[in-house]
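Chains here go by letter, A, B and C, matching the order in which they are written, and residues are numbered from 1 within each.
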Amino acid sequence: MGKSLCLSLCFLVLFHGCICIAQQQQERQQNKCRISRLSAQEPSNRIQSEAGVTEIYDHNNQQLQCAGVAVVRYIIKPRGLLLPSYLNAPQLMYFIQGRGLQGIMISGCPETFQSFQESQQGVQQVGEQEEQQGGHQFSGDQHQKIREVQEGDVFVVSTGVGHFIYNNGNNRLILVSVIDISNDANQLDFQPRRFYLAGSPQNEFQQQRSEDAQQQEQGQEQEQEGSQGGPQESSGSNVFIGFNAERLAEAFNVDAQLIRKLQGQNDSRGNIVRVEGGLQAVFPQRGQEEQGSEQQEDRLHAHGNGFEEIICSLRLKQNIGEPRRADVYTPLGGRIGGITSFDLPILKGIVKLSARRAFLYKGAMLLPHYDMNAHSIIYAIRGSAKFQIVQNQGRTVFNDVVTAGRVIVVPQNFALMMKAGDSGFEFVAIKTDENGMINTLAGDLSLIRAMPVKAIASAYQISEEQAKELKFNRMEASIAPGRFRSESA
Amino acid sequence: MGKSLCLSLCFLVLFHGCICIAQQQQERQQNKCRISRLSAQEPSNRIQSEAGVTEIYDHNNQQLQCAGVAVVRYIIKPRGLLLPSYLNAPQLMYFIQGRGLQGIMISGCPETFQSFQESQQGVQQVGEQEEQQGGHQFSGDQHQKIREVQEGDVFVVSTGVGHFIYNNGNNRLILVSVIDISNDANQLDFQPRRFYLAGSPQNEFQQQRSEDAQQQEQGQEQEQEGSQGGPQESSGSNVFIGFNAERLAEAFNVDAQLIRKLQGQNDSRGNIVRVEGGLQAVFPQRGQEEQGSEQQEDRLHAHGNGFEEIICSLRLKQNIGEPRRADVYTPLGGRIGGITSFDLPILKGIVKLSARRAFLYKGAMLLPHYDMNAHSIIYAIRGSAKFQIVQNQGRTVFNDVVTAGRVIVVPQNFALMMKAGDSGFEFVAIKTDENGMINTLAGDLSLIRAMPVKAIASAYQISEEQAKELKFNRMEASIAPGRFRSESA
Amino acid sequence: MGKSLCLSLCFLVLFHGCICIAQQQQERQQNKCRISRLSAQEPSNRIQSEAGVTEIYDHNNQQLQCAGVAVVRYIIKPRGLLLPSYLNAPQLMYFIQGRGLQGIMISGCPETFQSFQESQQGVQQVGEQEEQQGGHQFSGDQHQKIREVQEGDVFVVSTGVGHFIYNNGNNRLILVSVIDISNDANQLDFQPRRFYLAGSPQNEFQQQRSEDAQQQEQGQEQEQEGSQGGPQESSGSNVFIGFNAERLAEAFNVDAQLIRKLQGQNDSRGNIVRVEGGLQAVFPQRGQEEQGSEQQEDRLHAHGNGFEEIICSLRLKQNIGEPRRADVYTPLGGRIGGITSFDLPILKGIVKLSARRAFLYKGAMLLPHYDMNAHSIIYAIRGSAKFQIVQNQGRTVFNDVVTAGRVIVVPQNFALMMKAGDSGFEFVAIKTDENGMINTLAGDLSLIRAMPVKAIASAYQISEEQAKELKFNRMEASIAPGRFRSESA
């Protein structure tokens, strides 16, 4: 429009010069969701560390940008420690395999875990009371609560909260993390930014910037004044490296030698490091307290003001893989469970994500449906399924098989249908709303069922008898069994 | 793209000079509100269907983009049905004329409307109990609640909720719908997207895209793989067309012939279709239940989880045209009524819009005022008025007569004054906040009244006597009568 | 990229003239926080008025754009009045020096301040009752509540609310105002826009637009139709100038002569004007009511609907400078106090800002920390400090001394450490969240303290003994005293 105007304008004044203002006012990028084709992504980058691997799905990909998220998968070897860090956005982790320990660090939350409680506490009370008052030194240890996590757990970490993960099992610990960079809680730009607190790891998201952006940033970098000790050559490091070492020594009240270690200088282990001897002794055994009184544990009151209490005592974990937690179950089809802000209050207003976990048996079909209020980031866990995804004008934007390990985004309101392959299909879907809701287009709870038969007949130009077939022939709610046709058909 | 054009253009005029300003991607588009001139818009596009007309106000217009909304007007003939669809954003409809039925479809909400209750229910209980358990088939019908609507009603539909409208009156049903595409609930891009569930209607918003955007999308489309049955030639269709017909037949458990109808193939009726014989028998009569116990009806509990209950039982409708609902009334001037989240809880946090409905008598003046916290999308219903709208630096951005059928946006905080013409003026103003608030600049509740006389005198360099004139001479609150001057003047 | 193309293009047509403006502003501007270097800003613009000075910090500066705020400092002489106005965004003011009166004007809030209460009220009741009913005229005055403010006060004004400030003290009244233009409550574009209600002051933010934007706007302005009485030549004026004078005279029911004064024609006093004789007599004395029953006063119920009550009775003020309000206190180091939505409910959901006020003694150190959920806009009040600020990859983005009167933004999650100079350091930090939270990286409440000793040892490749030093050697929570090393070191 602007152009044609501009063109004619130019022709008019052709022999006398031309003023052409081509205002091109681009697309609106609330989120970039002009999607005409989706794809099931594999990780685009892989970072090998001492005790594990970090696999990154390209967050500059159109569909992840549409959803406003970044996706990372961590594979942590036994006794591997994902170094402590914090992020500029909330994340929802799903633990695919193994078991581990998740440490959460928030200033002012109470140090309720006191190690060697029985053997050492006595010593403390008797022999070290003075020391404790003088310098908080005692031969035991105390720290903030550490949570056990295992396969099937959803774990949520909010913006700016320090956290680390340790594999205390005997097998690899595998988790996928969805980082909601378009969340209100992220007030920085639209990039995932991880602030490491230890080591000197390569930044997993840096790789992914467009070349332009990197050039631009490097350009600005050259103008930079007063940067001291910053790693111009290497792309990664922890935040302490940016501070003056002497100042840090004063701040921590330790000698400069130790600060060099704090700053992670000459550390080439990457972001997942091996813990010699293991950390297991420090933590409570699952059987003892984690299982029986989990809820109660989580509500332990902190000292400090009311707000710290709220933050410190929020529950962060929920298992959504167990069969007994299924919300939908079709005997020959499969089951679906999930988690919303009603289950895990931290999702409400703070993290604003929810998740569903589905198990489809061989040949079972997830009936056509759409997400009413959220994008759905689907991570394929096991097996495979044929997906069909349709946009508002009826165009098929995806029509392919999705296999284990792939990530695909189903944009809000786009219609999705899938049919599990011969080995079934399992996936977890993270929704970009604290209460992801689904409308189904076929089956017992579908929109078709909600309409009067006469309206259906008129809308589709069919007889009322046919309208009733559309409305009532599929009895199941979300999953249609694969092998047996419904008896009423 | 803009650049290449600009380039060739410049070569054309090479020997005559060229000024080429390629402004690509302007600054800041929180909302595009660099408005230096407003206009009262008419529909830019008109789509004729079998039983009605859809009129679209160009949502790429600067002022609608500033407000972040799209506006559509529907004119539905008697026995016309606006096909079921859902949208990527919440909408607030105002019914200008006629009466109709509004169907709302949400998965899992209860099917509380059971037709032929007396005659058929007995039959069901006796003869069809087995069938009902077997295949949910019985000769009657049951569906989700359908609401009666009429002139003066505000009706709200939230994001992703299926809905249809049927004209069960004897006159044309006319409604204007404001779609809040900048609402948080829309996680897609900044385009209104309607997903039709039936028919093969032309997409009312597609027309409006810039040519660039269409070219781009078509370009992407050509790369598209695996699209089957998609309507490459036609711009419109319902979402079912994008799915494989066999799969759909399996999902619905019906034969493929019926699926073709579901997909709307060869349907040329448009988005408003005629219902032969009418739908009227299926619905309760207004006198019976809608009026007396409306509130109670709306609170009918659904089965399912708590959230479904909340969603299913929310009230969606409120009449704001009736004189008794006026909030402001000046005997010789007119009256204003409205609706906020205090009146209709679904507006709170979910739809985030509110509305005011004003009736100004001949020559009456709406005193200078501004919207504190919202844009105001004004739809002129009857008559005409002279508007003056002023921006922050005192520039007049609009100074013209607005006539019935036109839409004008008054941006947040811009000051507005209007004077009704000889036949009076009626309008509805949709506000982009769940609780649109107004500050008046003259009259009984004005900001001038809020200031001490001495501050007024100093601010305007006038005597205290004059300050009192400014403060007290206009007694009315919002509307000044046109014909008679206030006695105290 | 766009520019180089444009450049070559220009050379091509070099002999024929070419103006090529290629504005290519980048993708994603949730907030522009690609910051590689920060700076401590001084005001970029200074507007002298009759009774004071307005100093503006360039809000197009990268770091203020990152934080999404504009910052202005007002210096008001005794008996100076900052003219009434309203803004398109909420603002948080901090009063640095002096005392004054803050008037707040909202349509429909009650006029609870009635002047000359004792001497006039009797007269009113007897002699002017009829007049009062006839035309609301009586020889006294009544207006909405006016608040006293003084050094150390935070005062909050929400979007679109009219307000004025008067200096009723004997010294200059100095305040700094942070305007949160990226707040949801601002639905216009990303520019601060002040709507003056009196005078003809130069727009303090207009100056700052890029020349392009101004040209563009002026271009559009020329096309403008029907603008009457608009000040094409001058950049500033109040909103009344944009209305037709006759219409305004009808609206206010006064003569046209007075309207010219209302429109601020020929007013060259600027935005801060002198009040001859002073306003002091109109207001209650602090001793009487403001101090004792402040809270109660604030809760005075308004007439009108419930929402007006809420808005009218919200408390807007809180002193955060007093020592007894400190949240953190280290005897030899200093103290920090603050305000969040828990202290001042209007911050919750409406204004969405919070603030901290810190006093650091000579040589004291604010331990390394970061804002979890907000940007921090720091205004240096007295003294100086050496700042170090570090981004996510460990790069130092600021390493310099910040002196009184400067403003610096610390982006969300960026790590900050500072050490006060020889005369100590005082600052106020406004946070872009209603509940700004901080995580410290060293000291008693730090994230290091939250970790198990074994995890620290592994993360930093140090012995457990060293890990304990890092963890326990600094006892203080946020501030380390400057002169004395901790005894336990």
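Note that in this section a residue touches a chain if its C-beta (ideal position, glycine included) is under 8 Å from a C-beta of that chain, and two chains touch if they have at least 3 such contacts.
Here the structure is a predicted model, which means the values were calculated and not measured.
Taken as a graph of touching chains, this assembly is complete, with every chain in contact with every other.
Two copies of one sequence, chain A and chain B, touch each other mainly through non-matching residues, since under half of the numbers at the interface are common to both. Measuring from the averaged C-alpha position of chain A to that of chain B gives a distance of 35 Å. Looking at chain C, one finds that residues 17, 26, 29 touch two or more other chains. Remark: chain C residues 1, 17, 26-34, 36-37, 66-68, 340, 342, 365, 367-375, 388-400, 411-413, 415, 417, 419, 432-433, 435, 437-455, 458-462, 466, 468-470, 472-475, 480, 485-489 touch chain A in the complex. Only residues 17, 29, 81, 83-84, 86, 88, 103-109, 111, 113, 115, 134-137, 141, 143-144, 146, 159-162, 164, 166, 182, 185-190, 193-195, 197-199, 203, 206, 212-213, 216-217, 220-221, 223-231, 235-244, 247-248, 250-254, 258, 261-262, 264, 267, 269, 273-277, 279, 282, 305-307, 311 of chain A touch chain C when the two sit together in their complex.
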